[in-house]
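Two complexes, one shared chain (subunit A), two partners (subunit B, subunit C).
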Partner chain A sequence: MIGLAVRGLSVSFGGVRALRDVSFAVAPGEILSIVGPNGAGKTTVFNLVSRLFDADAGTITAGDRDITYLARHEIAAVGIARTFQNLELFDHASVLDNLLLARHAHRQSTVVAQILRLPSAMRAEVEHRLRAEQVIERFELERFRSATVANLPYGARKLVEFARALCLEPKLLLLDEPAAGLNPEERADLAFRIADVRDELGTTIVLVEHDMGLVGEVSDRVLVLNDGQLLAEGTPDVIRRDPAVIAAYLGAAT
Partner chain B sequence: MDPWTTLAQLIVNGLAAGCVYGLVALGFALVYKATEVVNFAQGDLLMVAAFAGWTLIEVAGLPYAVAFPVTVLLLAVLGFGLDRVVVRPILGRPQFATIMLTIGIAFAMRGVVSMTWGPQARTFETPFSRKNTPFFDVVLSDVSLSIIAATAVLSALLFAFFRWSWLGIAMQSASQNQMAAYLMGIPVKAVTSLTWALSASVAACAGLLLAPIALVDIALWLVILKAFAAAVLGGFGSIPGAIVGGLLIGLVEQFVGVYLLQEAKGIAGYVVLLAVLLVWPRGLFGGGERKRV
Partner chain C sequence: MRFPFITEYRDDLRLLRYRSDWWSYGALLAVLLVLPAVLGRFYLGEVAFIFVLAIAAVGLMTLTGFTGLVSLGHGAFLGVGAYAHALLMANGVPFVVALPAAGVATAAIGVAVGFPTLRLSGLYLAIATLAFSVIVEHVLGHWRSLTGGFLGLTVQRPDLFGWSLAGRTEFYYLCLAVLAGVVLAARNLLRSETGRAFIALRDSETAAAAFGVNVAWYKTLAFAVSAGVTGIAGGLYAHKLGHITPEAFGLFTSLELVLMVVVGGLGSLRGAVLGAIFVGALPQVIAFFRDVLPKGFLPTTGLELTLYGGILVLFLLFEPDGLNGRWLKIKALFQTFPLYRRRTFQRTKTYMRSERYR
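For the complex of A and B:
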């Protein structure tokens, strides 16, 4: 499992300074939550770490590798997977195919071997299918296995995206508002699954989340962003009582 | 000729022409699915391939079996380069810009071909030229049979490619959701250029197969019009739809020409195109993948 270190990260979009000199670190195997009001720059952190945008300044290190300027498609090979607030799935493919696509970074067979269905390619295929089935079992997605993603209820699609990220066998997992739009039962399942993934697979997890209940339940540490800047950092209990955090959320005068 | 012989030959000729339309339509579908660009230069890629094949066979003296794959490879490189150098910088601009761009590419290719090879039509020898195969009472031309057989093999290869190979699957995923494809470790831009390469290779196969019956001539690009009808009939962007649409257009043309009205043969494909657009715009395999706004 790998840690993540962000140093002096800044980025602007037009005149908006989305992040200003943000630094933080996540230890291997840790669960860190990033919270903050809307527009605080939480998802921007994810977009920079997963290389969808370029940072204006600062460095991002995953494990001992500097990924600040890595190509987007190489992120998976470093061991980073993420989910999206608004879901980015292959909507017209089945759940199983979505999960198998996440095995892409692990593929070794050649195109010719695969077209001719050579034994080497078939063995690799069976291996990938096995890994996908393990994730399906972990997330109890059996009944959705061959359903087309576009036809699934929202909660199930969120779970599929989480499952697909796991199929990458990530060493660092970024979950962007995993609880948004879930009903209480699904939310409870999610809290269990996040903890389960870390405890059983050892995956380092960074969450962006508004649901403070979930954050308190699963996080080792919480980071508060406000207006593109780091406001506070600490255990969930400390953060909940921090006057600066309360002020940022509630707008109370201090 | 007795009616059964006529019928059998019509079917074979119709299928042969239809295969070529289908392959060109397939080229459309590949690029359209990957980038939402309608490549109006698809017919010109076919035309360039026919000229390249003629040069390799008649000038360089290569045997057909060598010239064929070499031409396909050359066109793959051309397709890759077109995307990398010309099309990629303009992606994300309004659709109109990309349409003008591919029309521009088409005119440029026609210009280069007429400057390099001149306006006269020519032919090249193939192992199938001027040969026939008797089939019961019917005599079928080997050229037509070669087109049908080659299209069948090519379709099977493409089916396997898209179904089982990581690259084929990567191409489909990149066309469905670019952002997700990136995060799955798929180099989307390179994969898109490879899709153009594949599309141009398919056009090359169509050009080399068509040349023995249609002459190597600049006007070969006009096949794009029939292919357009085939693509719309099959459902624009559908790969099986392109082949089936092509076969149907090829058959309709032949049948209309013989059983209905000789003069109507040339416009039969466009009548089908208009009819499909009016009453059934999604086409045969259009499916429900309508764009959401």
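For the complex of A and C:
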């Protein structure tokens, strides 16, 4: 399991300075939540770490590897998996195929071996299938296994995306608003699953979330972003009482 | 409903998972094998032609149906394959070597087209491939020293180690064998790691990249595979025509191929073959009605193009899943009778995703 260290990260889109000199660190095996009002730059942090955008300044280190300038498809091999705020599933494939695709970073056979179904390709398929089935079992997705993703209810799709990220066998997992749009029961399940993944697999988890109840329940530490800057950092209890945080969320009582 | 009884993942990876699949595919193969004995010479040639179209359709399906890249220039790939094959054979290269070599040459051209168009998608990619198709037709028509210009090129008769394959029956079996091989290879590729990467690119490029799919590499690979298969079809097409000219590989052929994959059902190999049968048989159906209906009732020219357009619109409106979708529905109707529900196949509407990460 690897930690994440972000130092002096800045990025702007046109005239908007989305992040200004943000630094933080996540210890291996820790659950860190990033919270903040809309437009604070939470998802931007994720997009920079998963290399969808280039940072204007600063460095990103995962474990002992500098990933600031890696190509976006090389992130998976480092052991970083993510989910997306607006679901980026492979809609017209089955749940099983979605999970199997997440094994791409672990691919082990050549194109020719796949066409001829040589033993190496078959071994790889069975191995991927075994890993995918383990995740299906952990998340109780058996009844959706061969369903097309586009036909699933929203809560199930959300869960499939979490499961897909887990199929990569990540060392660092980035969850972007996993509880958005879930009903209370699904939300409780999610809290359990996040904690379960960290406790059993030891995965480092960073999550962006608005649901303060969930954040308080699962995170070891909370980071508050406001207007692209780091506002506060600490345990959930400390953050909840922090006057600067209350001001940012509810407006200053001056 | 049927459920396969599986005790090992390996069982689930088998090509034919049900006992009934063995029967149905076996019966299909048997019918195709005895067809030359019952079918007349003319119709046998037409069926062989449909096989050739089906190979090309499988090629286009890999690109458009599985990787989500639209190509309006596959007629040109067919042409490159046909000319490469004809030229190789004219220079004394034996048939067994020339056909795969034509495929490889076309795949190389596919890479040359795919690489510069990596950043294009949707409509822009369609226009770029359309331009490619026009360029190829022009080059084939004007590079007289190599291609013989618009007068065309006469194709040598195919033979396998001295055994002539030019006869109707022999050519039929040849096309059948190549089609079976291509479908099998495509099926294996598309249900492996590579095929899943193609499907991932089609459905969400952002997520595909986040899970380690090298977008540029796999898009180029998809172009290469697709062009290569179409090139092999082109080689057989050349034999079918006997004499090839640039006009045979123009825009109209490209549109026919697009019609095949859309009517067949995007994202399914069975659909590619069904679409090829549909489009390939259409001229015969028209000819039949010309004979039956009073003289002058049907216009002599332009009818096919009009029909193609109409059929495409009707399919997009009423059966977006194509012939394959219809086939699956009929199958489900029989398997679940009398409990079939139309809603089973109803899809949640998916909206165009914003492309902000590109």
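One rule holds in what follows: the second predicted complex is superposed on the first by the 253 of 254 C-alpha atoms of A that agree within 3 Å, B and C clash if a C-alpha of one lies under 4 Å from a C-alpha of the other, contacts with A are read in each partner's own complex, and residues count from 1 in each chain.
In the analysis below, a residue touches a chain if its C-beta (ideal position, glycine included) is under 8 Å from a C-beta of that chain, and two chains touch if they have at least 3 such contacts.
These figures come from a predicted structure and were not determined experimentally.
K.L.:
Here subunit A is shared; do subunit B and subunit C fit on it together or clash?
P.N.:
Verdict on subunit A: clash between subunit B and subunit C.
K.L.:
Is A:Leu101 in contact with subunit B, with subunit C, with both, or with neither (first, second, both, neither)?
P.N.:
both
K.L.:
Of the partners subunit B and subunit C, which touch A:Leu130 in the superposed model: first, second, both, neither?
P.N.:
second
K.L.:
Let me test your reading of the model: by the given contact rule, A:Asn151 touches which partner, first (subunit B), second (subunit C), both or neither?
P.N.:
Touch partner of A:Asn151: subunit C, not subunit B.
K.L.:
Would you check which partner chain A:Leu172 touches, where first means subunit B only, second means subunit C only, and both and neither mean what they say?
P.N.:
A:Leu172 sits against neither subunit B nor subunit C.
K.L.:
Which partner chains sit in contact with A:Leu52 here, subunit B, subunit C, both or neither? Use first/second/both/neither.
P.N.:
A:Leu52 sits against subunit B and subunit C alike.
K.L.:
Please tell me which partner, subunit B or subunit C, touches more residues of subunit A.
P.N.:
Residues of subunit A touched, subunit B against subunit C: more for C.
K.L.:
Have a look at 25-33, 277-285 or 331-339 and say which bit of subunit C overlaps subunit B after the superposition.
P.N.:
277-285
K.L.:
Need the overlap of the two footprints on subunit A, from subunit B and from subunit C, as residue ranges.
P.N.:
Overlap of subunit B and subunit C footprints on subunit A: residues 50, 52, 71-77, 81-82, 84, 88-93, 101-102, 104-105, 107, 109, 111, 114-117, 121, 168.
K.L.:
Mind listing the subunit C positions that touch subunit A in their complex?
P.N.:
Interface residues on subunit C, with respect to subunit A: 9-10, 12-13, 185, 188-189, 192-197, 199-200, 202-204, 206-215, 221, 267, 347-348, 350, 353, 357.
K.L.:
Considering the complex alone, what residue numbers of subunit B touch subunit A?
P.N.:
157, 160-161, 164-170, 173, 176-177, 179-188, 289
K.L.:
Sort out for me which residues of subunit A touch subunit C in the complex.
P.N.:
47, 50, 52, 71-77, 81-82, 84, 86, 88-93, 97, 100-105, 107, 109, 111, 114-117, 121-122, 124-126, 128-130, 133, 148, 150-151, 164, 168
K.L.:
If we count contacts the way the header does, which residues on subunit A are in touch with subunit B in the complex?
P.N.:
For subunit A paired with subunit B, touching residues are 50, 52, 71-77, 81-82, 84, 88-93, 101-102, 104-105, 107, 109, 111, 114-117, 121, 168.
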